[in-house]
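This is the structure I have questions about; it appears just below.
Order of writing sets the labels: A, B and C. Residues in every chain begin at 1.
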Amino acid sequence: MQYRHVQVIDGKGALRGIAVDAQARGELYAAGDSEIKVFDAAGKLARRWPTARPAQSVAVAGDGAVYAGELGQIEIFDGAGKLRDTWRDDELLRRVTAIGFTGDSVLAGDSADRAIRRFDRGGRFLNNIGKDNPLGGLLIPNGVVDFGVDAEGIVFAANPGKHRVERYAPGGELLGHIGRFHGIDPAGFTGCCNPTNVAIRDAIYTAEKAGPRAKAYDFSGKLLAVIATDLFDANCKNMSIAVDARGRVYVVDTVKQSVFVFERVNA
Amino acid sequence: MSEEVTRRDLFATVARGTVLAVLGGGAGFLVKKANGQVVWQVNASRCINSRLGDLGVEACNLCTTECVVALSAVRAVNEYSKCGRCNICPAYFNITSAVNELGQPSEKLCPRDAIERRPIGKVDPEDPANNFYEYIIDEEKCDGCGKCVMKCKEPLGLGSITLRVRYDRCVNCNRCSISKACPQDALMQLLVSQALQPAGIERPG
Amino acid sequence: MSGLRKLGRAPAAAIALLVVALGAVPSAPAQAIPYQRPVDTAPQQDAIGGGYKTPDVQRQLPRDYWLQVLDVAALGAAMGISVWLVLKRRSRKWLVALTIGSLAYFGFYREGCICPIGSLQNVVVAIADPRYSIPMVVTATFVLPLVVALFFGRAFCGGVCALGAIQELVVLRPIQVPRRLDRALGLLKYVYLGLAILFAVRPALARDFLICRFDPFVGFFRRTGAPHMLLLGGAFLVLGMFVGRPYCRYLCPYGALLAWCTRLARSGVTVTPDKELDCGLCAEACPYGAIERMRAVRRNCLYCARCYSACPRDGELAHAKAGLVRLSGGAPS
């Protein structure tokens, strides 16, 4: 499988977490310094609005609501940027670096506690994911918890310290994992902690640092493609990755503060 | 005759007094602006092994070769509170070497085998990936070659290992020969209190 | 007019003080990566658990300040002992003991640092560069031997200076250097002094402490060094067996300053001519050319007390205040 680089979206400032919209309009939502930015399909900045606290991540729910993960809270906006709700919890939401949805729940990755929190739609805490292991959480030396959710609601969490992507049931039970450390084989994850970011659509898409690259795996763990390596600045770290319904892959270059867009080439 | 002696003596005394006054004045001026003791230290924000950027270059070992002391006074120091305690440490292992059956790289990076790896915390003997590991650098073996520093640097690692001058070994030369050779001008003179601070790689923003 | 002669010829090229140092040359930028990173992502000890405590990073302290003060006190004491041994006791034997002791302490134990010779560079920079300052012990190290020289002559050179001590102990069969040659070579001191000052007052990055860099004996003191420097040191010592203390007489920049101060000294070695005897044994014994035409040239006297041991009228055993070679003042140099 091959990918080609089709577009660069200038981030217009800082870029952290990105997310694609749920309606497949080709929009890209990005968390900036203390704002949410929305880029249209052509890559131009369509709208932006401020957040109360520095935004770390963003996700778009099926109904178009935009969830912004911040320091100590999650803010929920409508598609136009009007604030609908704020979930504040200094214990459970210390640093929300990823947000996802499974079934009726909202998932928030807290990098301060190295775990994924599950809340119901009203904001009530249900359970932790990834905390029930000898290390007391995911191994996150790089400082960012990232995960994706597949169509069945299984949570695929990146566990970079163990060089693998782990599959969890929404209740927190570990179901399995794919990936292993390897310093030479491109199918492995290299360095001290990779993959840093993961996105799920029809395959498992991972982003790695230090020898930065984006890859795609199938659900059994077989490497499908190395999407890109040399395009990214060598100093990138914690590159947020997102995949839209058309199979376009978006990866943040944290040094150049832009989003690289890749399309699959039908081989 | 005696008059001449007296005049000469008088002149000598006056001249001596003048020179003493000049010396005293100069000394007073210097004492007024005196600082405490200064020592040499490596600036981690300039040292090419530890500063951000400059990835994929050969580790600079001028600290090893230029120091006048036989085994250089510069050592790699691991700031433990900043270390990730990772299972696969890129400074300990040579991560481009072949992977063994434990899932770890088979070769170590340090040419003098100066880093010791020890599991810490609640140790799981079954699965090595389930543990945190402490990486301790033996200062008797380390010669400051900088290879581990270069690999610990972000984004590959967390940058907890930096090169530092060790004051039980440094003879505190007037003009450190490493400071003359360093192309990044990374050796600086600091007051002792400043020099003992943990290495600061300024994080922008 | 005679007073002016006392000052001597001050070589103009030697002094380049008061050159104000310019700002440092801009160097390579520290870091130019403009993005932000999460801070403090390393696991803390409660996250690691199991009773683990983050170990402290060793931060060894350099030498205690009071020990450096002690060094200055030792310097002063050694000079005092040297003055007393040479001018009062006139004992070469005890002076050699002091020389060995100074070599052991200031040379091999303290590894030659900090020494008054090098300190002149630091003092010059501290005066010229407003941003550079030196600890008080360095100022004291520079000033003390000069003050002693103003009163007693080069007591520092005799038995205290480590570089002098190592050369002093290898003097075997010293030749008498012809006067003209001695004078000519003596000018090298001023050249070295001028160069040392010139290179020291350069802006911080270009600053070069020549005296430290070209110290021939520091390699021995540290028991390690570049091969060419050790060879140079060895060459100086071999030369020193046949030409008394060549570094001290012809190269030492601090010696130039001490020589100037000695011209104003009140006391020092003096030779009183005697119509009857005038054996000249003291002049033959002096390896440093400090006795010319039966007069002591105080600025060249390196306080070795060989003249005393050679004098038949006032040998080591005599301790007499009267005698041919004795304490007095006023002889022209």
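Some notes on this structure:
Criterion: contacts are C-beta pairs under 8 Å (C-beta built on N, C-alpha and C of every residue); 3 or more make two chains touch, one makes a residue touch a chain.
Note that the structure is predicted; figures quoted are calculated from it, not measured.
Chain-to-chain contact here is organised exhaustively, every possible pair of chains being in touch. The central chain of the assembly on a C-alpha centroid basis is B. Taking the mean Cα position of each chain as its centre, A sits at the greatest distance from chain B. Per-chain Cα centroids separate chain A from chain B by 39 Å.
Per-chain CA centroids place chain B at a distance of 30 Å from chain C. Chain geometry summary: the mean Cα position of chain A and that of chain C are 68 Å apart.
Each of the following residues of chain A touches two or more other chains: 141, 235, 237. Along chain C, residues 33-37, 41-43, 49 each make contact with two or more other chains. In chain B, the residues touching two or more other chains are 52-53, 84-85, 122, 132, 154, 158. Contacts from chain C toward chain A in the complex involve residues 33-38, 41-43, 47, 49. Listing the residues of chain A that touch chain C in their complex gives 14, 95, 111, 114, 136-137, 140-144, 235, 237-238, 254-255, 257. Residues 133-135, 139, 141, 161-163, 180-184, 188, 190-193, 209-210, 212, 234-237 of chain A are the ones that touch chain B when the two sit in their complex.
Listing the residues of chain B that touch chain C in their complex gives 4-5, 7-9, 11-12, 15-16, 19-20, 23, 26-27, 29-31, 33-39, 43, 45-46, 51-53, 68-70, 77-85, 120-123, 132, 134, 136, 139, 154, 158, 160, 166-168, 170-175, 180, 183-185, 192, 196, 198, 201-205. If you check the complex, the residues on chain B that touch chain A are 52-53, 55-56, 84-90, 94-99, 103-105, 122, 124, 129-132, 154-158.
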